[in-house]
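Going in written order, the chains are labelled A, B, C and D, and every chain counts its residues from 1.
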Amino acid sequence: MTGEPVIRTDGLTRRFGALTAVDAVSLEFTAGRIHAVIGPNGAGKTTFLNLLSGNLRPTTGSVRLRGREIAGAPVHAIARLGVGRSYQRTNVFPEFTCFENCRLGAQARLSSSMRFFKPADAYAGVNADAERALSLCRLSHRRDDAADVLSHGERRQLELGMMLATSPSVLLLDEPLAGMGAAEAGLMLDLIKGLASDHTIVLVEHDMDAVFSTADVITVMVGGRALETGTPAAIQVSPAVREAYLGAAKGAPAP
Amino acid sequence: MKQSDFGGRIRFGDRPRPASRRDVLKRGAAAAAVVAVSAVVLPRFAIGAKTPVKVGILLPFTGVYAKLGENITDGFLMRLAEAGNKLGGREIEFVKVDDEANPAKAVDNTTKLVKGKRVDFVIGTVHSGVAAAMVKVIEKSPKTIMICPNAGNNDMTRDSCAPNVFRTSFSNWQTCYPMGPEVAKRGHKKILSVTWKYAAGQQMMDAFFEGFRKAGGGEPLEQIWIPFEDVEFQSILTKIAALKPDAVFSFFSGSGAVKFVKDYAAAIDRKQIPLYGPGFLTEGTLEAQGAAAEGIVTTLHWADTLDLPANRKFLADFKAKTGRTGDVFGVQGYDTGTLLLRAMAAVGGDTAATQQLIAAMEDTVMTDSPRGTWRMSKSHNPIQDFYLRRVEQGRNTVLGVAHAQLDDPATGCKL
Amino acid sequence: MDISFYVIQALNGIQYGFLLFLVASGLTLVFGVMGIINLAHGSFFMMGAYLALWLARHTGSLFSALPIALLFATAVAFLAERLAFRHLYRRRHLDHVLLTYGFILIFNELQRILWGNDVHSVPAPDLLAGSIPLTATQSYPVYRIFISIVCLGVAFGLAVAIRSTRFGMAIRAGVVNREMVEALGIDTNKLFAAVFCLGAGLAAFAGMIAAPVEAVYPGIGETFLIVSFVVVVIGGIGSLRGAFVGAMAIGLADAFGKALMPQFAGIGIYAVMAALLLWRPQGLFGEKQA
Amino acid sequence: MKPRLDGRRAALAAALLALALVPAVADEFYVVLFTKILVLGIFAMSLDLLVGYTGLPSLGHAAYFGAAAYAAMVLAPESAPANLLLTLPASVLVAALLALATGALAVRTAGMYFIMVTLAFGQMAYFAVHDSPYLGGSDGKLLFARPVVAFGGAAILDFAEPQVYYLLVLACLAGSYGILRAVVQSPFGRVIQGIRVNEARMQALGYATYRYKLASFAIGGAFAGLAGYLAAYQAEYVNPKLLGWQESGLALVMVILGGVGTLHGAVLGSAAIVLLQEFFSELTSHWMLLLGLFIVGSVIWLPHGIVGIRAWARRARTR
């Protein structure tokens, strides 16, 4: 399943004053693969995601999406090119029902939402996309419940559903398992694996068991640099990673 | 309200109200919007044969002009109380509305009095903008008569004069025109004017320079306009001192007058650049202005030191009833009362006889007014003396008459 | 116009700027630390002015009135914080707007009940009542110089207190990150009450010393409030340095604007503010918004 | 879901009918009072679109209200009634364009800065009118008469009578409510509500939020303009205070007091404020004190406004 990379960064760098959060990172992300980015706290993983999604502008370097430069483009423009993003802190719309949350995602695919008079629920195509996303994130049974009554795990699912409703080709997932119990985490991992075949997935995650069991490729970031990239098996045995990890952080990668 | 015990606040008592409302009132005002709805849907006052004369008082009781509104009201009520609180033999019911000096509410408030409370007379007001809106409503209600006890906008008794609109105060033109020749006479050539940028200020400055030119004076050295109600004068005064005019002519009132006169004295040597203006500059403000006002020369149709029996009586009575010192606004309120009393006496209390009422008001010649003799002009504005006054030891001392029996040109009035 | 015109005009602007700074510094701290939009802040200025008027009459001297009035205004602020504001910290900005709008009505009406609608003036203390003659026609009031000096002192004291006391540290921490304050083990209830009282006290103090140069009249609070808002926004919410620079800029712009371009005097400061916010939406010294 | 919706429609129809009967049963004084409530109701609803749906707490909304009022004045002939069919749309357009121009700058900011920037634009509009002799300066200007509906020079509907004017205002309120209700339920409405809750998330979903906020701001400005036009002809007078921050503040108070994000709450808020003012000022000349206490009390005890009372009572009962 290897091919042209969907996303390719070149010397991607972001500085905050004197601090270099992301330091000359050059990586390739290929379709159909789950590419995990791991590293100790403060390694620059989330900053890296923010550079990909447009939440932050790179100081220097480039981000190409299928060959097209997107560095510095606004978030919404990048999103419309098919890059979906989930956040560490759950970001659903609590007053809306699950279906409405997904519909908001699906509606973003309309050429424009500057439609003022026809009720939002009268757009059949949008509704169908929303239903599909709802079933993809396995929340169809919660369709008409308001998001604020969902459990934490369900909210993370819903967030994924909203993102899927926009029919993205790239998924940037920032700690999708954070704060989840074992059962919830299992379900979520299942979901993510199911999406891998037709999406490019960039996964930032602290749960090492999860990462090593799901990822196809792993990049280790330390101090803003991409230290090493390889298969889980290769990363596991890499002495450089071991040293950096043991030297820089409290936890070592799981054996 | 049948009778006002003068000196206190006007109460809104004896209107018939449903018992439930009274209970609500007893329970206090903390009740919510529900109560407000039921309270506002009161049955209106039934108009019977022996109803009292309804007099609407539309004056500012809050805001910058509140003190003026109070003094006019007190002067007016004092005059009616002197006559036993009867108009042409009938009891009086007062309906007092605070116009907040807010022209945006003026049509509403006037409509409320004229159509809602069905008053026979409307007394008001201080603010020119409010007065102009009042005139507009009153024009369309020929059965109601309006008496304006202060607002001096020229047009009220010029272009937009109306048969049922009278004024007992002054036109802006009148208050400043007589000062032109006085300033010219003193040999001042380069005159700088400073005032708020609004219609009254404009009219007054125009009138002054009209008089000044006619008396051989030249064009203004500079005219400074300050945004209306702005009272931060320090920078303007610095500029005035730098321009070195022979004299400054200025109009401000209320808080503006207090502050301007004080700041002027602190920033400019008044011996070098004397300050002139219409009487409002030093009217009702002298106590607050203190020594800063000493020596300022102004023109006005009244002065507290005016040595007339009627004036001495007015001042004594006003002090006795209110505890405050009477001012020109009290006098205007007082004369409004006299005008109303005379006219109602002439028609025997018949408020339906509007034509006769108007005729009686037009024929009024005031011989016992605290400001001296005056009569109503054809355009319903007083023809009166304008006095030249100088502030001496905290009082406006009369130097003489600047212009005797001055009549407004009444341009454009077809009455 | 000669040089003295510009010198005096600059003095005028600085003196007005200092008064604005005292009002705006309280506003910006309450904004920054507590996250409260206090529309009623101007009411404390008004309270100070009226208390100065009233107490100066009774005690015969503005100086002896100062401590009593300051104590009183702070006590009122303390009560308002305790009884009303404290319940709303976690609510929306909108509720703060509504609450403080209600307080404006209450304070204004109480002022009317207690002191009426008259325009009053407060005489400057005899010592400072004179004017210094500068040229043949113009002189500069001693009291205005006094205001500038006193305000400079207060501003300096405030800066030192913020920089080097524990209370000041808590304030600085609060402006940057409200949660951090709790992490530092500071009782936010106490901190908020203190900041609110400090802000109110500064506004009241400004009202008091301004009383002799401003006529004391109903609505004086709102006049200063709106301009202080402009100052705070120009300087950046929560920044004392910003409030100072903003106050001086507005003070000087106002003084020269009125004298040189009176036709734009009203609109001027708002246009400056709008332009600045387009350039720097967070104000001159404000933290960038998330 | 369906029956509740029908119940709400029935309640709306009943309220509309009751309001339409006011001129038939009530004294002219109340007709004028209710006209005021409805005009301010439209104004408050237009602000609710910004505050309650888009999360844009404007403290300068009166600028658009006043802009249309002044447009009505400028467009009115010197001594003849204006034609409603021409001047009303034109005035609304003026307000909408002004909102579009100022909004283009204002919606770039957020939170407290947004409040302050809108305040600044409001004050600029205020002083622009206040200092312009052509527009009547601080004195304002009187309008000659209420407008008429005219076709080919012949007036077929005259609004001089307060009762007729009231019905016009009521029709405008009903129309505004209908349109705004449709707008908040449209795809656009969903987007702005999403923006209110979490703008960053909406961007991540691919929405160019700036354009939606701006569109909402302009629509709000347009309806504020409609209210301003009606207010100008209700008072038959325009004055800079129509654009002042006090007016904006009052509208905000109405919206919050009524309950944000409901539209009808804004009308209830306007009714509450107007009626309370009227009621308190009959009680005492210090009515502002009572109104202030009422507002402070209601913000502490009624966090969701008047429309929240029902839910609050329901909760109290079930407890």
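Simple rule for what comes next: a residue touches a chain if its C-beta (ideal position, glycine included) is under 8 Å from a C-beta of that chain, and two chains touch if they have at least 3 such contacts.
Every value quoted in this text rests on a predicted model; they were computed, and no experiment measured them.
Among the chains present, the centre nearest to the common Cα mean is that of D. Centroid analysis (C-alpha atoms only) places A farthest from chain B.
Note on chain placement: the centre of chain B and the centre of chain C lie 36 Å apart, centres being C-alpha means. Taking each chain's centre as the mean of its C-alpha atoms, chain C lies 32 Å from chain D. Taking each chain's centre as the average of its CA atoms, chain A and chain C sit 48 Å apart.
Within chain B, residues 61-62, 227 each touch two or more of the remaining chains.
Multi-chain contact residues of chain C, defined as those touching 2 or more other chains: 112, 263, 266.
Residue positions of chain A in touch with at least two other chains are not found. Contacts between chains, counted with the stated touch criterion, involve the pairs A-D, B-C, B-D, C-D. Those residues of chain C that touch chain B in the complex are listed here as 1-2, 4-5, 8-9, 12-13, 15-16, 112, 116-121, 123, 131, 133, 135-141, 143-144, 213-215, 217-219, 254-256, 258-259, 262-263, 265-266.
Chain D contributes residues 179, 182-183, 185-191, 193-194, 197-198, 200-209, 211-212, 215, 219 to its touches with chain A in the complex.
Against chain D, the residues of chain A that register as touching in their complex are 53, 55, 74-77, 79-80, 84-85, 87, 91, 93-96, 100, 103-105, 107-110, 113-121, 123, 126, 162-163, 166.
Partner chain C is touched in their complex by these residues of chain D: 51, 57, 59, 105, 108-113, 115-117, 119-121, 123-124, 127-128, 130-131, 245, 249, 252-253, 256-257, 260, 286, 288-289, 291-296, 298-300, 303.
Chain C makes touch with chain D in their complex at residues 31, 37, 39, 84, 87-88, 91, 93-95, 97-99, 101-110, 112-113, 226, 229-230, 232-233, 237, 263-264, 266-267, 270-271, 273-274, 277-278, 281-283, 289.
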